[in-house]
Structures are given as structure tokens and as C-alpha cells.
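Each of the next two complexes has subunit A plus one other chain: subunit B in the first, subunit C in the second.
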Partner chain A sequence: MSLNTDFMVKVAQTAIQGVPVTLQIVLVALLISLPIGVLFALIRIYRVKGLQRLVQFYVSLVRGTPIIAQILIVYSAFPSLLNMIIGKAAFSINPIYYAYIVFTFNSIATLTEVFRSALQTVDKGQMEAGLMVGMQPRQTFWRIILPQALISALPNIANATLYLIKNSSLAFIMSVKDITAIAKTEAAFNYNFLEAYLVVWVYYLIICYGAEIIFYLFERYFSKYRRPIKNRTGFNWFPFSIKQPKLEQK
Partner chain B sequence: MLTIEGLKKSYAGNDILKGISINVNKGDVISIIGPSGSGKTTLLRTITTLEEANGGRITFAGVDNDFQKLNGKEINTIRRNVGFVFQNYNLFNNKTALQNITEGLIVARRVKKNEAENIALKALERVGLTDRKDHYPSQLSGGQQQRVGIARAIALNPEVIFFDEPTSALDPELVGEVLKVMKDLANSGTTMVVVTHQMSFARDVSNRVIFMADGYIVEQGEPRKIFENPSEERTKKFLTDILANV
Partner chain C sequence: MDNIKLIINFLGQLLPAINITLIVSLSSIVLGSLLGLLLAATRLSESIVLRLLAGVYVSVIRATPAIIMIFVVYYGMPMVFNGWFHTNIDGWNRMYFVIIALTVLFSAPVSEIMRSAYESIAKGQMEAGLMVGMTPFQTFYRIILPQAFVVALPNFANSVVNLLKEGALTFTIGVVDMVAKAQMIVANNSGGFAWQTYCALALIYWVISLAIDKGLSLVEKSYQAKRKTIAV
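Now for the complex of A and B:
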């Protein structure tokens, strides 16, 4: 068996047009779901009457169903729903909007739980200290509690983001032209499936690796207050190397 | 200056405080001692409104009301006029030592930033930590953290500062530096109410000692009287037990 390298280069060149689409889906979903996730987490922690049940139900609903089923449902239900409401064919809508909807809904559920656990890790003494220097609970929350919670949530947000990047490849079902969809179409023309999929593989690897670096830098920058000593763990730049990353000396 | 009458508190049917009355005058340094579970910490927390009381009356800083009838404004008034030093420091983890002190000044007291920093630096100087002003709590030792905690309380210039077992989370060799700061404060006329197991502080620094047990004040008076000639059997037993371990 030999790989058709010329074809791989060709697929790589075409599929690169899908990279912005994938990134777009990820960014839109993340930016919308981060604040809503915090809000939902607060509703759950403070047991806001009525809303708490709703959020709980929502989270179970989204987490309890496979993402592919959610995609199929949104993709088949929304066009006819819109058709009913607006009264004209909604099929001309760019399918990427359906992808935004599905992946945003999904991330909200994940991030709600991420923030709930992160907010609960902040010691309740922090709030008491805020009250005892005369600050209002709201002020203490925004200035003391939330910043600490966000930072302890970072590893889990990174995790959720990586899942989101990889799950976004399912958008091809909704005929969104992302990396996977383009490569699949190319492959189908020439029956060089393995080559095309290897290209897809490498693209996602690169994107995820980039996301890991970004989150690592975020964490390093924002968590300086948590470092008791001046040593810091380095980033594992070469995931395949056996050597552990050296500790950087400040 | 601060008067508490008949303060009651219960958790889930257990009575923790069974009617406590205290009177704190300006310049008082009061030590509250007693066996664990006697309600010392709960007493401080209910007076400062960190816990809701189930009965009793407070007269303090213009507020004169039953604990259960306190409205938001009165609670704010009480909180603004007390300082609190926690057993486990409770410094804001995401703020430097200096920011820990300026935070309340800027946010709650609306003091201008550079003015707040001047006040904070003076407070840090009083606890001898000017050189640690840009350190985060995680970069400070327990004793240093607690001194920042004290600086945070004094910077707000409250009527009275409550200390909730300020040295009991510390390694023995760090207790001294915190006690020294507290002694300096007491000598400079700060009104202090201190829950403590440091009998030397209670005996040598405070001007009144309150002995609590089972949610009651069993006995109170001048330290010399309490330590040398206690009138209650409970107090005698507690003191012999605790002094036997020193």
C-alpha cells in the first residue's frame, strides 16, 4: 500500500478553506456559552426558584443525548419551524447557523457544570472576608470570587474547547463546509479516503495543539497568584517526547 | 460603645449561645477563653452578622435593634464599623498584600486609589510587612498572612476589631510575631475582642477576660482575678487543664 502524496497535498490545499469555518463555529459557540454558562451555574448554586429546575433539566437533556442526534433534530426541525413562523422557505439559510445553535447549546450545558464546580471550589471565607471589609456580596462576587473561579475553571474550559473543536467536525452532517466536509468530498471523487482522512487528522491535531498552547499561556498569565514558589511547570511542547518539560527558572 | 443583650443562636435545634450579654467600652481589650464548642467563635460571628442570631439585641454605631429585626442598612452599618481577623486568615487569594488592604478602602469606602495605597502602606508598616506588599497570599508564610489580615482590619479604622483565634492555625514558631502585632495594637488603644487559646495574651495584654462554657458566660473580670482567683469551679478546672499542658 502506498499513499498518494500528490493527492494529499491537493486535499490539504482545498481543506484549508474549511479551517476558518471550523474556527468560526468554535469561537461563536464559546463566546456565547461562556457568559451563559456562568449565569446558569449561578442559578444552580443559588437555587433560584423555578429557573434552577429548568437549568437542571436543560443540562440533563443536552448531556443525556448524543450530539449527532441533536444535530439531526435541529437540522430537520428548525427549517420547518422557521417555515411555519416566517412563512417562507427557510432552506436558503446558511447551514452554519444550525451548527452555531447545536454547538452553543452543547457548550452551555458543559460549561454550566464546569463553572458550577469552579465556583464551589472558592472558599466561602473569601466572601466573608469581603463582607467584613464592608463590601457588598455582589461586589465581592465580581471582584474576588468570580476571578478565582474562572482561573480554576481554565483547565476544564480548555478541555471543553478541545471537545468542541473535535465535535465541530460533525457539522458536515448539516452540509457545513468545514475541514471534514471538504476532505470527504475530495476523497469521494478519487476514492483516496485514507489520504484525505489523514489530512483531516493532521489539521485537527494542529488546531487542538494551538488551542492547548493558548490555554496554557492564559493559565500561566492569570494564575501567577497561585504560585507559591518561583518555579513553574513548563508546557510540554513535544507531546511525544519522553522527557518531562524542565521547570523554568524565573 | 458596643452592647449585646441576651444573644441567642442555635443550629438545627442545638443551642450554641444561650443568652449572652457583653458590654465593650472604647479601648477595651477583651479576651474570650473557654473549651472548644463553648460558642466563642459563634459569638463573634453573630455579633458581626456573619451568622444570623435567633434572639438578642445590639447597640452599636448608632444601631439599636433586635438582631432578628436588623434591616440591610443596619447590617451594613455594623459591618462597616467592625474589623474581623479570621482564624485561617481569609486573605483575598487573587490580590497582593497591598491590594488586600486597599480593596475594602476603594470599593466599600470609596477612598481614592493613591490615598488608599498610602493608608495600606502605613498599615503594612505597623505589622512590619512593607517589603512584602507585592506578594500574593500564597507566597507568604502563615504568620505573614495573618499580619496582613490584621493590617487589612486596622486600615479601615473600625470601632472594634474581632479576632477569631488568630494564632491557632499557625505553626508554633510563627505565633509570636502575630501576638507581638496584637500587643502593639492593644497598647495603642485599639478596641479589641479576641477569642484565644493563648493564655499569656489573655493574662498579660487584655484588661478583661471572659470565660465561656456551653453557650453561657460563666465568669468575667480582670485577668488577675480570673487567672489567680477564679470564683467558678468550671473556670478553675479549665485553667488547670490548659495550664497543665503548657
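Now for the complex of A and C:
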């Protein structure tokens, strides 16, 4: 049992070119699906006639099928569909666009559920109070409801992002050159698959932990008002200011 | 109309391969739950080292893509067995590798679910059980477990559906499950009727996960009914 360390270093150097591709897929999918997720969640909550059934169907379909099936469907159906519209140019499209489509569709479904449960945690009294002081419903939603819902949604959004990052490793099936695809082709030369995948594993761990740290910071930032205000140490950082340092309160 | 006919036709061709998917999923659910129980017990134990180890394990597994796990197990395990135990396991049925990989993947979320369910039960329940003279095991088995079970059920069903979806990656190491079968059918038609075939595949998975959801809500309902009778 010995690992080919030279090869691992080589794979680590080449596979790093795939990191931006993976991040790009994740970011694009997340940024497009966040607003649509909120919209779909509102449709579910307010039971918009007609649309509500459609959204429910869509969410259950996407959440009930493996992402590999979705990838295969989109990758087989879209090129011929586009072929009818724009002709031969459809087959020279960069496959990363198909990856965007699949992962956006997929994360819209997860985020719809996330926002639905988050918006339901906000008390109805908040809306009533907002209307009471003379705000318009839209204003109340933007300024009162959404910020509160976002905080309770953040851990779940972090989870959804983690799922997205993990699932994006399947983009190699669409011949997108992401981390996994590069490592796979590198490994195929000498059949050093184990080494290549161990390197990829480390990359994914780093990306996932990075995402978790970012979301942790977001959470801390947005839930500022929820935490009890801590008294800092009594040290005066501005010796010439008039303001006296606050005393520690126990 | 033609498409629907085609999809139904492909459904008939895909369905025989479903037992591979079911065997893989069921055995990893059983094994993964046992491993998850062990992990949950470790995370609740008093030793700091054990708790830390289990915590690191869970967080690493949480950040591991399913496909990487399957590949690492598939390529790594024969190497480890060869080097350390001097046994050759290259000839193993490839299904075992998938089951091992999915067991490891499934154990992490399940251990978290079990732990949070156990912690959600008020401590007074345990104390009351001990108070009336039950042994700790009896208290756990008769008082804590039934309550924790109800709490854990929705999340457990959710991760079972996730496992089912991750199990669709079995084909990547050459086990002929439904996905591989679908790809074979597409190849046989020289690339034709591709999306109809894959739609049939998605349909099967969808029905299975809908069935799990339905079963979950039935079980939940029956538990709620029982709860009511006790309350009255």
C-alpha cells in the first residue's frame, strides 16, 4: 500500500484550475435561484391559484428525483430542443450552461422549501404591526418580514449550498471541466484513481468548510440584534476622546 | 402521445433493474442506521476524545460529495486490504463497495438526527422513569425511545430519500442498476429517445420517494392518533 505522492502533487496543481469552474457553477445557480426561491415560497404561502399547484408539483418532482437523472434529461433534451430554435449552433454551446440550468433548477426547489419554512416562522403580528404604523404591505414585507425570515433561513441556505457544492461534482457527466473531471482525466493515464480522488476530496472539504465559515459570518452579521449586547473591556482605545470607557457590568 | 407511449415502454424495460437499487438502498439504510446509532452514542458519551472524533467524522462526511466517497471506497479499499491484511478483494461484487460507501455517507446525518431527537426529550422523563424503579435500559427503551422516534421520523425519512438519490450514482463504478440500464437502452438506440428514457428513470425514482413521503405521513398520523387517546 503506497500512494504515488508525486502524482498527487501533480494532480493538485492541475485540478486547481477546476476550482473556479466549480465555484462559478455554485455561485450562478445560487444567485439565480435565491430570488426565484423566495417568489415560489410566497406563491406557496399565499396559495396563488393555479400557480400553487404548479410550484408544488415542480418542487416534489425535483426533490424526488436524483440529480443524475435531471442531468441526463437536461443534457439529452436541451441540445435537440435548442437545435430546433437556433439551428446547428446549439451543439457548440459550452456545456457549463447546461450545468447552470440543472443546478439552478435543482436549487430553486430546495430553496423554495427553505424559504417557505422560514417565512412561516415570522409571527403574523409583525405584519399586522407594520401595517398598523402605516407601512404598505410591500414595504412591510421588504423591511420587516424578509430580514427576519432570512436569519432563520440562513442555516438551511448554508445546507442547501453545501448540497449544491457536493452535487456540482457530477457536472463531469456533462463534460464540464470541473475539479472532478480534471482529476479523472489525469488519473486515467496511469490508473492512479485513488490518489486523484483523495486530492479532489481535500479540495471539496476546503471549499465546503470555506462556505460554512462564510455562512457563519453572515449569520453572525445578520443576527446582530438578536444577541445580547456584550460589554467590551473597559480599555479606552481612544485616549484623547472625551467619551469615558464604559464600566464592565456584571 | 408518442412520447408517453415510449416512456411507458421504457418503464417496462427499466423496472427489472429496480431490485439492485432497492437492495443497495435497504442494506445501507440498515447498516447506516446501526453505525449512526453508534456514532450518536459516541457523541453523547462522556469522553471528550470520543466526542471530538465523532464530531470530526460527521463534519467531514457532511462535506464529502457522494461520488467522491464511492470512488475512494471503490479504489481505496482493495489497496488497503492488500497492503494491511494481504487479502485480495478485487473480486468482490461491486455492490458491496457501494453499500459500504453509502453506509458511511448515511451514518453521519442519521447520527445527527438521532442525537438531536434524543436531546429533544426532556430530561425529566429519564429521571421519572428511574424514579419509579425502572432500570436505565428499560427507561430508555420504553420511555425515551418511543418519544424520540416520533421526533426523528420526518428527518429520517428525508435522509432516506437523499440516500436513495445518492444511490443512483451506483452506476459510476459499473453496477448495472436502473441508471446504467437506462444508459444501455440509450446506447442501444444509438442515442435516440434519450430524454424519454431518462424521464422514465426519473419517474421511477419519483414514485419511490413519493411512496416514502406517503408512508411517513401515515405513520405520523397513526402516532398522533395514539397520542390523542392517551391524552383523553
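In this section, the second predicted complex is superposed on the first by the 226 of 250 C-alpha atoms of A that agree within 3 Å, B and C clash if a C-alpha of one lies under 4 Å from a C-alpha of the other, contacts with A are read in each partner's own complex, and residues count from 1 in each chain.
One rule holds for everything that comes next: a contact is a pair of C-beta atoms (placed from the backbone, for glycine too) under 8 Å apart; a residue touches a chain by one contact, two chains touch by 3 or more.
Keep in mind it's a predicted model, so treat the numbers as computed, not measured.
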item: Combined model on subunit A where subunit B meets subunit C, clash or fit; value: fit
item: Which of subunit B and subunit C A:G125 touches, first, second, both or neither; value: first
item: Which of subunit B and subunit C A:T180 touches, first, second, both or neither; value: second
item: Which superposed partner A:L198 touches (first subunit B, second subunit C, both, neither); value: second
item: Touched partner set for A:T65, first subunit B, second subunit C, both or neither; value: second
item: Partner with the higher number of touched subunit A residues, subunit C or subunit B; value: C
item: Which of subunit B and subunit C A:G50 touches, first, second, both or neither; value: neither
item: Which of subunit B and subunit C A:I73 touches, first, second, both or neither; value: second
item: Partner chain(s) touched by A:L162 [first = subunit B, second = subunit C, both, neither]; value: second
item: Subunit B and subunit C, minimum CA distance [Å, superposed model]; value: 23
item: For the subunit A and subunit B complex, residues of the former touching the latter; value: 123, 125-126, 128-136, 139, 143-144, 147-148, 151, 224-228
item: Residue ranges of subunit A in contact with subunit C within the complex; value: 1-2, 60-61, 63-70, 72-73, 76-77, 80, 162, 165-167, 169-170, 180, 193-194, 197-198, 200-201, 204-205, 208-209, 212
item: Subunit A contact footprint on subunit C (complex, rising order); value: 60, 62-68, 71-72, 75-76, 79-80, 82-84, 161, 164-169, 179, 182-183, 186, 194-195, 198-199, 201-202, 205-206, 208-210, 213
item: Interface residues, subunit B side, partner subunit A - complex; value: 48-50, 76, 79-80, 82-84, 86, 88, 90-96, 103-104, 107-109, 136-139, 152-153, 156
